[in-house]
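Take a look at these structures.
What follows is subunit A paired twice: with subunit B in the first complex and subunit C in the second.
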Partner chain A sequence: MTTGTVQAPFARIGRLLRDYPIIALLVLLVALIVLLQILNPGIINQRWIGNTIKFAIPLAMLAACQTFTMYTGGIDLSAAAVATITAFVMATQVPHLGDAAGIALALVPAVLIGLLNGFGVGICRVHPLIMTLGSGLIGIGCLQVYQRSTIATGSAIPPVLEWLGTGRTFWLPNGLWLFVPFAALMLFIQRRTGFGRLLYAVGANEGAARLSGLRTWQLYFALYTLSALIAGLTGLLYAGIIRTTSLSLVEPLLLPSVAAAVIGGTSIFGGRGSYAGTIVGALILTVLGTLLTLLQMPEGGRQIIFGGIILAVTAIYMRLTETG
Partner chain B sequence: MSGWLRRNGWVAALAFAFAALLVATKIIQPGFGASGLESLARAALPFAFATAAMAVVVIAGGIDLTVAAVMAVAGVTSAVLMRDWGVAGTVPAVIVVLALGAVIGAINGAAIVLSRAPDIVVTLAMMYVWQGMALLILNGPGGTATPWLREVILGGVPIPGLRWLPQAAVVLAFALALVWLPLKRSRPGLSLYAIGSDQTAAFRSGVAIGPTKVLAYAVSGLFAAMGGLTLTLSTGVGEPIPGPYLLAAVAAVVLGGVALTGGVGGILGPIIAVLILRLLRLDLTLLSVDPNVTTIIEGTIMAVVVMIGGLLAIRRKRA
Partner chain C sequence: MQPNPPKTPRAILDAQGVTKSFGAVQALRGASLRVGAGEIVALMGANGAGKSTLVKILTGALRHDAGTITIKDRPVRFASPAAARRAGLVPVYQEPALIPDLDVGQNLRLGATPVAPFRHWVDALGVTGLRMDDAIGHLPLATLRILDLARALAMEPDVLMLDEMTAALPTDLVDNVLRVMRGQADAGRAVIYISHRFPEIARICDRATVLRDGVTVGDLPIVPGVEEEVVELMLGQRMTPAVAATGRSAAKGTARLSVAGLSLGSKLAEVSFDLHAGEVLGVVALEGQGQDELFEVLAGFRRAGSGRISVDGTPVAFRHPADAIAAGLTFVPGNRADALAMGRSVRENIALPGFAAPRRWGPIAMQAEATRIGAAIDRLQIDTRAQGEVRRLSGGNQQKVTIGRWIAHGVQTLLLFDPTRGIDVRTKRQIYELCRDLAAQGAAVLYYTSELAEVPQACDRAIVIFGGRVVAEMPAAEATEAALLRAAYGLAVAT
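And then the complex of A and B:
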């Protein structure tokens, strides 16, 4: 009886957190911001908030690729390569074709890689980790060859992308004009559409989903093509933020995007998670980045703390949601 | 013989492909001989150890994203220790580095067991930790490697008639066999395959899941430390930024016939796969193919092989 009363609050918190994992994440986010304010009073202002959001947006978008593929127990390691390719092709084609055609053409390689991933995962049943790793390698190789042929023709970022990437409306970054509808669409897809529910179904039990009449290969084609399109969109936005392109533009965001999805409570084994958590996860990682920069530590120490916090958050999260 | 072939068909096919590639290399470059073989073996050495490190963990049903980072830690540690302890302290330095690798691996394994989080997530987080550790030990390339130890992986075997055999290959075979063969034949080695094959079944047959997992990661860390050490030996300095070994190791493990789902395969297949990939790269360079096209070809081979493997697995299941 006594143990029951002692355990009850913890179990209740655990249950609450399992049902609404986003609460714990928001608490963590607020705690990090408070810590930042204590360490460096006055840093929290409109400008800082605007900047944090600006850099969290591409991370959250790239993490959407990981979140959606993780629903089915997969992962998309080609996302950063696809984003980089799209940004590069866009920047080099815009001077020839004009803004709209250049951007549209840049999304073609993204779709191709997405279809290749869908073919590998859906039809050949290759492990998504391997398939997307391989397709990313192939894509980057093709990009390097492509770069040879365009080195002299110059590159340009369309004004609309620069406006999205660097402009501000009042004090909020313009990227939100892209991201808010995007996030709303993602949340709508995962909750309200048959496609979204099938993703969870396949992740929870692929055999059962198949026996219920689902043609899983079609789902995988749609999923990986969607993921590649999201990655391409991220690349376009990121090119606008950085205002230049390179052959490894988005690569540094790949592992953080996986971390953002995982911190956000998406299970890498499939069947569980929400994009809302991923968005908060991306914000947490961005704030954590600023915090560690402020601590004036050597780069090595920063990386150790970064890794330690990712590990701690996932470990605590697993523990809390297991009880009750 | 036929039973061995059936069981090890994939390894045999890989060995055959490697031999064919060697012949092709000789045709492309008639001057390819002992020195070419020697530089190939030396260049493949860190990749081979990284692959072995990855293979052990994948066989046990996990995946270790820290391999390249642990190699960096081992590389800088060995470079710093060999600089500070001098020639006389080289042997203790090597022992310390190998022990450090095993301890780092054991920490990774313990973190997975204790946190109950998926391997890929934990090792992703630990990758940052070990990368940071390497940077703390040495902030830029530095340290030295003891000359006599460097010569161990240099040149051919100094026995008449065996001079064509690169010392690096001997070191690789010796180091891997010394750790892997006794392990595979022992009870813990069997447990490794058991937890990779089916964790629940292994648990119910009395296999201690946690300790076995820690063991797998400790062996992986040991191999990664060997890789880092050979990296320092071949370049002569410690480099804190991890090299391109992680993805190469995953690719070679898959090509080498180790299923990512665990419980299947060995170390020989992945090692031959590494040699094939390195030799292929050499051949394409000899054919003066753009190195970027080489990347595409490598990625395509990897994708096509795993796709065919997947289709074959489906057909086998239906048959």
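And then the complex of A and C:
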């Protein structure tokens, strides 16, 4: 800091942003909400807040898959496929097996895809991007085959999922009953468990983790199976929100889930980030979506702004983490 | 320090007063090297003397800060390795610069090497049956080194520079190489010969230029008996420091770690030694003599070709570092960047081995962890002002973190690979003391060092490895730098 006192405050802000990116993210979120209120006075009410949270929850949950795999330098592009498959299988099996057994059975393909990802990444050393892209395609392909054999039997969403997806407690969405414990568990895992520490360590330096005695394949198996379970859970909740299923139910959330993790400050190169940032990232993306709809932006324009924001945020993080 | 070098014929390469700094570290403080037409000059120096920096400058990989370099009386300053080649200086490095996925002919075309002279030199060097469509990746290392040399010769360089050219070669090929080099010199060219092998230097070199601490300290004609003088020059006036080790001989009986007949390809040959509890055993070797492979085998990173490793009398076989750790063998690698999660905190880095086994993946007892890691930090006196990110620590403190990681989890056998490389004197002292303390508490320490002066300070006993073999063993009291260096250069030692 030889440049003197003028630089100091900026440097300090830079360091603050780097060490606590969540502060900057919350500022951005509030700024977007204020902007929305200015553009359309009176829009911010309990109903709007409830709806925003309701749609941010599945995005934040799917983004947990990306966040946790990104800690190790990976990614889970099969998350949306797994969520879709789980929702679809659940909805078609519940009429036969009842609610509990239908939901339980629906999580089986999720676990299988998770194990497949763990095998590919941990043992065959396939890059996670390719591995999860491939396993997601395989999964969706299997789902299409499955659909032909079950089309006639109809589908149903269990009441408990509809209650979670569409119900409200006071004015807040019931999805929070699922999401608050879920988020608390994720934050606990990343900060207070050996598993969480290893995720960051593997992402920061896989060789160092091996040197410390970690058999990395074990970690990858556990990680990708956990990620698939989270994706499956997201699919169940999303089916409750939408109250129907389709062969591409959760697909539109895939790239936003990656974006939410990146905006939230998780490094795609591994070793850095927090799920707390991802949650705020998911809220920012949801509010941004409302804002762009409100501006009656055509779909192309929305995508341009979306992409631009993701690139800008990533560039800022890169600068912050490189300097000092 | 030395009388003026004997007058040589017209200099082809003349480097005078070359300096080079990397940040605060001055790698070269005035290196000079003069090679005349028809001369073979050996470039010598202990580890860290600045040899490789000088070589990189001469071959255009680095640029010097000050000093002059002339080739045939024209001052030069190479912008790239290609520029150095165009000026007539062609190096042959230890790692053959050939692309494994291409065949011989394609590799030649890449460098625009004329084929006929290349074939001539391949024959002259004694490699038979080579076809131009042989894939490089399928040829043995010795052949590749010969091809690399033949390619360099085919370019008819004014100055040829060979870096440990004979390291991977069988003796008949070594003879051919030496003969061809002599022929080059007799044809009026200049050769710079970098080697750790005195017998070869004595056979073909005319002079030896010796570097120490980045300065050329001597330029001697090769005459019988000059080896002693060269060794002294490499060591300088440094006095052997007081022996910290009391020469205690560790309790005998079953060795904590026993290595018998360990072999690995061309890297390790029949390495055997015992390491007892309560002992610090020094390992001394020049670069690339198999010490890296030895530590990698002991740490579970690679498997030996043959031989036996026993821990407390029980034979062990490691397939993964986790196996070695389970047997009590914990490894601190030479490169700190390999061992640390640089972006994570001191605490996380030290605690890391505790979570490796899946049964330890659950909730962390944060309070107990803080206590344990605090104790390790105190014991090693780690400066924790920048503990949020290990990357912000000094090199010495980073090294303490990699060692402290094992201290916090209980040390039985510690494998330290050059733990004091590039760290300050005070931290070095602390590491010696730590080794002694650990040994006193019943741990066993295997301590490879590239700094010979450390051996009497940190170790009870030392073994010297040369060409993948243990060539000498001596108690710390006798492990003077001169004795170690002689053994490390493969000169006869009375053991």
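Keep this in mind: the second predicted complex is superposed on the first by the 318 of 324 C-alpha atoms of A that agree within 3 Å, B and C clash if a C-alpha of one lies under 4 Å from a C-alpha of the other, contacts with A are read in each partner's own complex, and residues count from 1 in each chain.
One rule holds for everything that comes next: a contact is a pair of C-beta atoms (placed from the backbone, for glycine too) under 8 Å apart; a residue touches a chain by one contact, two chains touch by 3 or more.
Every value quoted in this text rests on a predicted model; they were computed, and no experiment measured them.
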Inset, instruction - Applying the touch criterion given at the start, work out whether A:242 contacts subunit B, subunit C, both or neither, answering first, second, both or neither. - result: neither
Inset, instruction - Once the structures are superposed on A, label A:26 by its partner contacts, choosing first (subunit B), second (subunit C), both or neither. - result: neither
Inset, instruction - Go through the superposed model and pick first if A:156 touches only subunit B, second if only subunit C, both, or neither. - result: neither
Inset, instruction - Have a look at where A:44 lands relative to subunit B and subunit C in the superposition and call it first, second, both or neither. - result: neither
Inset, instruction - Check the residue A:112 against both partner chains and state whether it touches subunit B (first), subunit C (second), both, or neither. - result: neither
Inset, instruction - Pick one for A:142: touches subunit B only (first), subunit C only (second), both, or neither. - result: first
Inset, instruction - Spot which of subunit B and subunit C makes contact with more residues of subunit A, would you? - result: B
Inset, instruction - Based on the superposed arrangement, let me know which partner A:198 touches: subunit B (first), subunit C (second), both, or neither? - result: second
Inset, instruction - Name the contact category of A:16: first (subunit B only), second (subunit C only), both, or neither. - result: neither
Legend entry - Shared subunit A surface residues [contacts with subunit B and with subunit C]: none
Legend entry - Touch list for subunit C against partner subunit A, complex: 299, 320-322, 325-326, 331, 333, 337-344, 348-349, 351-358, 360-364, 366, 388, 405
Legend entry - Of subunit A, residues touching subunit C in the complex: 19, 188, 192-195, 197-198, 200-201, 204-205, 207-215, 218, 222, 271-272
Legend entry - subunit A-touching residues of subunit B, taken from the complex the two chains share: 63, 111, 114-118, 120-122, 124-129, 131-137, 139, 240, 247, 250-251, 254, 260-261, 290, 292-300, 302-303, 306-311, 313-314
Legend entry - subunit B contact footprint on subunit A (complex, rising order): 75, 116, 119-120, 123-127, 129-131, 133-138, 140-142, 144-145, 148, 255, 258-259, 262, 268-269, 298-308, 310-311, 314-315, 318-319, 322
